[in-house]
Amino acid sequence: MVAFYCFASIAVVASLLVVAQRNPVYSVLLLIASFGALSGLYVLLEAPFAAVTQIIVYAGAIMVLFLFVVMLLNAPHEDTEEDLDRVRRVSGAATRLQRGPLWFGALLTAAFTVELVWALGREATLVSAFTRPAVSSVAAIGAVLFTEFAFAFEVTSVLILVAIVGAVVLARRETRERSPGVRPTGKV
Amino acid sequence: MTPLLIAQVGLTLFVFVMLLNSAAIMVYVERKVAALMQQRFGPYLVGPSGLLQPLADIVKLIFKEELRPAASDKWLFTLAPIISATAAFAAFAVVPFGAETTFFGLLDEPMPLQVADVNVAVLVIFAIASMSVYGIVLAGWSSNSKYSLLGGLRSSAQMISYELSYGLALASVLLMANSLSLTDIVNRQEGTWLGFIPRYYAFVQPLGFLIFMTAGIAETNRAPFDFPEAEQELVAGYHTEYSSMRFALFFLAEYVNMVTVSAVATNLFLGGWHGPWLPVSLGWIWFLVKVGALLFFYVWMRWTLPRYRYDQLMAFGWKMLLPAAVINLLVTSAVVLAFGL
Amino acid sequence: MPSLTDYLVLSAILFAIGTAGVFVRRNLITILLSIEIMLNAVNLSFVAFGRAFGTVDGQIIVFFVMTVAAAEAAVGLAIVIALFRHRESLNPEAFTTLRG
């Protein structure tokens, strides 16, 4: 129980800080910490495969991708003067820091939180304690994954291929006719 | 305070201290072996035939001034070497180095010589290896200098590229062994064929072993894959701006990573602690011999082969090593299915 | 011992935090990170329910959710890079050309 509260508090605090603080690099690192805590919760739920896959895929691959993009783009931090200057250059108007949408979003989220917690918390008549034995071996997962869910597995591989091709095409710089005297501009 | 608890805590501390010692020993071995290969003496002044040289190095590093560039990110600059060192040590937690033992009858039931006996040990090693990328990329970014950033990005791109071949070589062994637990994989390699050829997976999967060692060398950023820290190109790559103890942590992380990759390769491909002429309870001696041989191979590679240029390195990883690993996996699965192994 | 309700309430809180991030933040990458928080909260619910019913289906769905999240993060970040090249900003306010 102590372990559950430890991991749960790390996950909640880290997620709050991801949303609350300004520096995007710190946000990515805090999200990695949150994923680590969730991985610990999966171990508590006797799902070691899910725990290790969470670290390998989420914390080890997806977050590296986020970190690379944050570092390469090197955008100004949110709501600083430099950031608002760039927005003004584009939209032309005198953009100020608008607080209205912030308060509306916060109110909506608070209402949503209260409703979710109430709805999920009151069903104490559900299976509250874990009475059935856990199935946690990787062999069991493999047996079901490659027979019952084989089609979904194959479709997922096609999905990843589509994502790879899409990402490469979307992020590619438009090719210009290069004359021998053209120097690269150094932009990303 | 049961004897089992004391044994486990003692084993954890023992592994930690031994890893630190192994890093120090590797410093000496590398310099001495490099020197002998280059027909010079190497360290010989400090202690008998230079054996206390690592101690002198560590004392020097402790007494150096701790610098931090003013424009660097304060928290990340210190966090990066911590992440590298922690990941290096943590990966060794699931590596077994000896058979089950009762410590001369002190324990009631035998305990494996392993810090944590997880039944998904192979995946845990892979997961922690993917965490060590963060130490390097954060070091490159937080130093706020162009050599560091380039070195950090190149090094992390190299590491994540070679992780694929690393994982596929691991998967081929898993197909043969039918288990993710390193202890099980080692125990399946005991015994011999024809009475004298040991049943190591290196003989059954030679290509897999080669791919694993190559990817392991690339993962630990050692020559010939150490372009990101090449002195001629990038000053010192991602640890350009580091001095004193933070630099020592990076150094430590690199050597402990080497030891971990060698230990995992020994367990997966070379039969771990099984060997002729010794009882299984003394198998850790064989383990040390095999890990030592692989570490010598590491040092030998560094001082023999020229360094790969970065685009050659990435082309090798993606266009040669990855297809080879995939073909190895396909052939292994076909053979396992055909012969019902 | 934590019960199923504990895990579900935690999942609800994490999902709400992710939603707050999507509404409140004005940096495209942080919005994507908040979406990842939401996906993780849902993963936690799946694994908790899988454990409660004693089946392995929860972990399998989590496997697929992670794969889809990886694909979505890759494509989303590629779009963010393309957008940044045009407007030099990651603020969603800079991309309001279609606003009436």
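Letters are used for the chains, namely A, B and C, taken in the order the chains are written, and counting of residues starts over at 1 for each.
As a convention for this text, a residue touches a chain if its C-beta (ideal position, glycine included) is under 8 Å from a C-beta of that chain, and two chains touch if they have at least 3 such contacts.
Keep in mind that what you see is a predicted model, and the values were worked out from it rather than measured.
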{"item": "Intersection of contact partners for subunit B and subunit C", "value": "A"}
{"item": "Pair with more cross-chain C-beta pairs in contact, given A-B and A-C", "value": "A-C"}
{"item": "Centre-to-centre distance between subunit C and subunit B (centres being mean Cα positions), rounded to whole Å", "value": "34"}
{"item": "Chain centre separation (subunit A, subunit B; CA means) in Å", "value": "30"}
{"item": "Rounded Å distance, subunit A centre to subunit C centre (Cα mean)", "value": "5"}
{"item": "In subunit A, residues with contacts to at least two other chains", "value": "49, 53, 61"}
{"item": "For subunit B, residues that touch 2 or more chains besides their own", "value": "none"}
{"item": "Of subunit A, residues touching subunit B in the complex", "value": "25-26, 29, 32, 48-49, 52-53, 55-56, 59-61, 64, 67-68, 71, 137-138"}
{"item": "List of subunit A residues in touch with subunit C within their complex", "value": "1, 4, 8, 11-12, 15-16, 18-19, 24, 27-28, 31, 34-35, 38, 41-42, 44-47, 49-50, 53-54, 57-58, 61-62, 65-66, 69-70, 72-73, 75, 77-79, 83-84, 86-87, 89-91, 95, 101-102, 104-106, 108-109, 112-113, 116-117, 119-121, 123-124, 126-130, 132-136, 140-141, 144-145, 149, 152, 156, 159-160, 162-164, 166-168, 170-171, 173, 187-188"}
{"item": "Residues of subunit B that touch subunit A when the two form their complex", "value": "73, 75-76, 79, 118-120, 123-124, 126-128, 130-131, 133-134, 137-138, 141, 149, 153, 156, 160, 180"}
{"item": "Subunit A contact footprint on subunit C (complex, rising order)", "value": "1-21, 23-27, 29-30, 32-34, 36-37, 40, 43-44, 47-48, 50-60, 62-64, 66-75, 77-82, 84-85, 87-91, 93-94, 96"}
